[in-house]
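Reviewing the structure listed below.
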Amino acid sequence: MGSTVPGGYAGKILRVDLSTERIWTEELTPEVCRTYVGGAGLGAKILWEEVPPEVGWDHPDNRLIMATGPFAGLPIWGTGGLTVVTRGAMTNGATNTQANGFFGANLKHSGYDAIVIQGRASRWVYLYIYDDTVELRDATPLLGKDTWETQQALEQLLHLSGHQLSVYSSGVAGENQVRFAAIAGDYGHVASKNGCGAVMGNKRLKAVAIVRGTKGLRVADPRGLMLAAEEIADDLKYDPSTRSLYEYGTLPGVMNLLRLGALPIKNYTTNVAPPGVDLDKWTAPGLRNGFPHRGYQCNACGMHHCHTQVLPAGPHQGELVDEPEYEGWSAGWAMGCTDPVAVAWLNTQIDRACVDVNEFGWLAGWVMECQEKGYITKEQLGGLELRWGDVEAANRLLQMIIRREGFGDLLAEGVKRAAERLGGPAAECAIYTLVGNTPRGHDHRARWEELLDTCTGSSGTLDSGPPVRHTEWGLPARFSTFDPEAVARVVGVTRGRRHFEDSLGACIFTTRTYMATLCRALNAVTGWDFTKEEAMRCGRRTAALLRAFNVRCGITPDLERPSKRYGSVPVDGPAKGQDISKHWEHMLDVWYETVGYDRRTGKPLPATLRELGLEHLIPALWGSEEAAHARR
Amino acid sequence: MVRHVIVGGGTAGMNAITTIRQYDKGASEIVLVASERPYARMVLPYYLKGDISEAHVYTATPARLRALDVQTYIGRRAVGLDPQAGTVTLDDGTQLAYDDLLIATGSSPVRPPVPGADAADVYSFWTLEQAQAVLHRLRPGCHVAMVGAGFIAFTILNAILARQARLTVVEIAPQVLPRMIDAQGAKLVEEWLRQRGVHLRTGANLTAIEPADGRKRLRFQEGEDVVADVVILATGIRPNLEWLEGTGLAINRGVLVDEHLRSNVPNVYAAGDIAEGRDLVRGEAAVHAIEPTAMEHGRVVGANMAGQPVAYRGSLLMNIVEVLDLEIASFGAWDDPQAEVSQALVPERFAYRKLLWRGDRLVGAMLIGPSREVWTSNDLGMLKGLVQSGIRLGAWKSYLHHHPFDVKRAFIAAGTTARLLPQTVLGSPSVPAAAVAVRRGV
Amino acid sequence: MKVLRITPDRCTGCMRCELACSYMQTGTFQPAKSVIRVSPFEAYASYAPYTCPQCAEAWCLTACPVEAITVSPVGAKVVLDDVCVGCKLCTIACPYGTIFYNAETGKAFKCNLCDGQPACAEACPTQAIEYVEAETHDWLGAFAAERAARHLTTLASA
Amino acid sequence: MPDAEPRTPVTGEVEIEAVAWISRFVGGDGSSRKVFREPWQPGDTVRSVLQRFSARYPELHRALWDASGNNLGEHIEVLVNDAVLGIHHTLDSPVQAGDRLSLIGQYMGG
């Protein structure tokens, strides 16, 4: 253990060069810890420093960073995950995307805070980590296996069971560099955004397998840590805004968003549930208790969030599946499927195939609509009939995509590229941003804050996320989602919070407490004296780094807008008639001003960079500092 | 007042004394004859390694023996037994009359029949005295030749290496630990030792030990000589039975005893290395010259001598030794040639499990794995529990056959805990030995 | 006496008990040194912690050649660190697999019920582990037999 | 002295619907929904009806309003006749008999 790092840190970054099969470690300095904390912050720093613009997502020099943070492996709820930072395949820009489970805890207990992978292997390998034993091993026997099979195979090979081994892999989708391939592990935890799994596949890295290590983690103030952990837990349990999350995870989202007009139904063609759907099955208790289920929590987590369930009926009765998150359920609705059992099955097929569930939802929904309207023919799909709600057909499409078979090869490029390739009326039905990503599983036409956030995010997904305890920043408790000015300001002011959360090595669901509370926990772990202001500055620093990275990669503000369908006007439901397009430019004006970025070029302004301690980016972004001064 | 005479102050003898007192609270006379001050032989390697002081080695201080109200003949050796008269004769001619007698005289090391093996400066490592002599000779950088690669030899490898000595181990058998693990396991252990700088020579037939300029030269039937600064012999032990010849005691490899550890001679019991009693797994009589058997024998015989008719289920053969943080253990019928075998080997993790089956019962097991591994000591105990309990594993047999490393799941799901909870030796809660004392004058 | 009552149905496999336990035992968060250990059943869908039953006639205690294991005021069988030499006889004597050897300290270690305030029970977010007055019992057997059946069919045949 | 009070002429009711999770705060089990009928009073606004209603359910009150008790807190969304607040209605918009107010938990996913 590095003697100088603060409490909570293992003190080492594991470096792997797949081209040369060289493995080494790098000490983490206390300064880097304090400045970037970990996870997304640490990843952003490395990405900026080591991936120049000419290194695209599929260049061997691209870095695949799997980082934890100071909370990982400690008894704070939900502290087993990892944050993947890389130059992603969907936008060819930055991504940071989180998965949970036990990867992070196991990595920390083996003595590492992060893994940085570069190069491309000359053979398929998997990375084996157990304390000081770190090896690249032949992955030939694992090829063609899905994420669950890969983990099972390694458990059998290594003779380890349960949480003694964490395996994160990218499935067949990763092997075939499907653009929206994800990285998934621990049976149901997915870092899904921006094609991080395609990067993994491009590097010929089949999996990362970490044995629960034997090293100890010290913290500055153990008693303080336990108290802060309890404080966070109590807040999650008892605060009205998080109580339903505590009891049901994201399940309540389906009914809530349906009532708000934000549940995406049949590829944004309606916001009203079809008649005859038993909506009681879709309430949180309905979804939870409609299946035999058991809690399946991440490291040290007391939430009743992640669950495993057994399919109670249908053609796959008796199969064990991961209880879908809201996003999984909503992907079903996007395809017009209103049978929870069918959606639950499909969701696990998507996890195992290892693609982003949202992207697949939009893709399948889009193909269904296009086939119905005759824009895509059965012949084009190799004889496949894809009718609304048919999950078996959707799974066949999924299998075509991950193997890049026939039309699947085009669809494997994701919604935007496939739509642009097809053009015509088909393209007009497709949901995506011009940067190249797609939204979460919401109808953002009834959630303007997330539409703006999704388009302006630098990570291939939304950056700010739903506002959490935003009154901490002087914002009003409630704002109308259709108030362009208020929305843009909230998204701007809260930008950085999630980056900070995503640097801690904790799940972004268990950090839904006050920033001040998170700081108390962080300080107990590290011995620092973070205030919520410093924490927010830290998060904004990460956001600015990722933004600077994207600008350097050529992602400019003109791409920050929704596709035609994505930015259209709801035709029915609670948000009928609301039209964001009229307000779009103004929203961007307000947002840019709030975050301190340049409206024209997208760059963080020199003053912003200085405020965030990122002066060293100014020459690279702005040329000489004088020029920058002259500009602003 | 009943008079118990205990010959031997090792593990069996001391456990017997403590157990008698636990039951009778002092209502009997106890006489202990011991050739040395009672000490724990298992602890000698740690003394040699320098982890503990000499005082730590002793199991029964004079104060403890007083507290237990034991009359002692320390430094005395029993040389004769007259069952008709009910007396034991000591080496100084003392005659001790007994109402009942426990023979627990243990065993002694065997020196190989090789010229020079009996020299005074060729050491055994059995008694405290011998351990002290070896200790005295070990210097950093000195070259130690260990003759024998069995359990006893292995218990002291750590100590020798911790003292920064160079080590050569020579063994006549084709593998190390021939009476504890199979050839496949031995290969793993040998590789582990070689990687850590131990020089191994198996299949080595020693022909002579000769003086060589203050050092010793070991000659072999084949291959180069070994010149060492210190030679330690660890070539086996045999029970100390000589003094019992002609007494009418039924003796096979040891003194044959029944389930109450009684010999064929009335009022004469035997326990520990010298006793040949029931083997738990195989059911037949066997000498188990191991510490756990000595302890259990001592407790059972103590209870019986105190008038508690405790029947002993039998002793389970088990050995554990750790070399440089590699755990090596075997249980029960680990070498049963008729048993069905399940095994798995992960060479890169130095992990090995071997399970031996009769029907769906586990009759023996072998385990090798690094100490730091989470499941090593877990599996150790659970394998012991499965063999000891004799539980039928049913469908779990097939599971264990495919997953010999996943002992825990099968152990738990078979309900082994419920089966084990009532399976005890004496059937009464343990009392720490230090808490057992005779209250005089009550 | 008060024992750790385990209700396996409530366990979600979060391993928080292992973290809390290892902290109490070693001063660092180091689950490899936890003396309560969570086992998977039913193809990963269910988990349950397992620890020392504090059996009355304690195999570990009687096996120790140097009397390094004794009974604490709360009835736990505890290892006296300054007496233990690390000979591991207790680890092969205990048929439950719940006494361990620490290669770093060279000592045996086991559940000591944290002197009457077990950290695992306090840390468990679902009350799967409780410290209550009860008879020691095979808390997991029936649960595991039922839960693990699925695992037998799905994996053993592989 | 109820007789001395001027009687409020009740000419209708406003429907209040606690959806799914929010029904927990008004005696429900969190599944499905719970519907109440609140007597309409002249001059009622969205705010006044909700304040009157939530006064009877302390848990709901705490979740629905901010510290001032006058503005919505961050936890519950309000629909008026199935339209999100902010489209046709604000908190100060008049409510008519027969209108329906729906209370929906804030979405915490994504």
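Chains here go by letter, A, B, C and D, matching the order in which they are written, and residues are numbered from 1 within each.
In the analysis below, contacts are C-beta pairs under 8 Å (C-beta built on N, C-alpha and C of every residue); 3 or more make two chains touch, one makes a residue touch a chain.
In this text the structure is predicted, and so the values were computed from the model without any measurement.
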Going by the contact definition up top, give me the pair of chains with the most C-beta pairs touching.
-> B-C
Which chain lies the greatest distance away from chain C when centres are computed from Cα atoms alone?
-> D
Per the centroid of Cα atoms for each chain, what is the distance between chain C and chain D, given in Å?
-> 52
Take the average of all CA coordinates in chain A, do the same for chain D, and state the distance between these two points in whole angstrom.
-> 36
Distance-wise, how many Å sit between the C-alpha centres of chain B and chain D, to the nearest whole number?
-> 79
State, to the nearest whole Å, the distance from the C-alpha centre of chain B to the C-alpha centre of chain C.
-> 27
Could you list the positions in chain C whose residues touch two or more of the other chains?
-> 31-32, 39-40, 155, 158
For chain A, jot down the residues that touch at least 2 other chains.
-> 156, 161, 212, 214
Which parts of chain D, given as residue numbers and ranges, touch two or more other chains?
-> none
Which chains touch which?
-> A-B, A-C, A-D, B-C
Interfacial residue positions of chain D with respect to chain A in the complex | 19-21, 24-25, 29-32, 59, 62-63, 66, 71-77, 79, 82-87, 102, 104-110
Chain A to chain D touching residues, read off their complex = 240-245, 247-248, 250, 252-253, 255-257, 259-262, 280, 283-286, 325-327, 440-442, 446, 450, 462, 465-467, 469-471, 476-478, 480-483, 509, 512, 573-578
Show which residues of chain A lie in contact with chain C when the two form their complex.
-> 73-75, 77, 102, 105, 109, 152, 156, 161-163, 187, 212-219, 222, 233, 294-302, 308, 310, 320
Touching chain A in the complex, chain C uses residues 11-16, 19-20, 22-23, 26-33, 38-40, 42-47, 123, 125-126, 150, 155, 158
Residue numbers on chain B that touch chain A, as the complex places them = 344, 346, 349, 351, 372-375, 403-406, 409
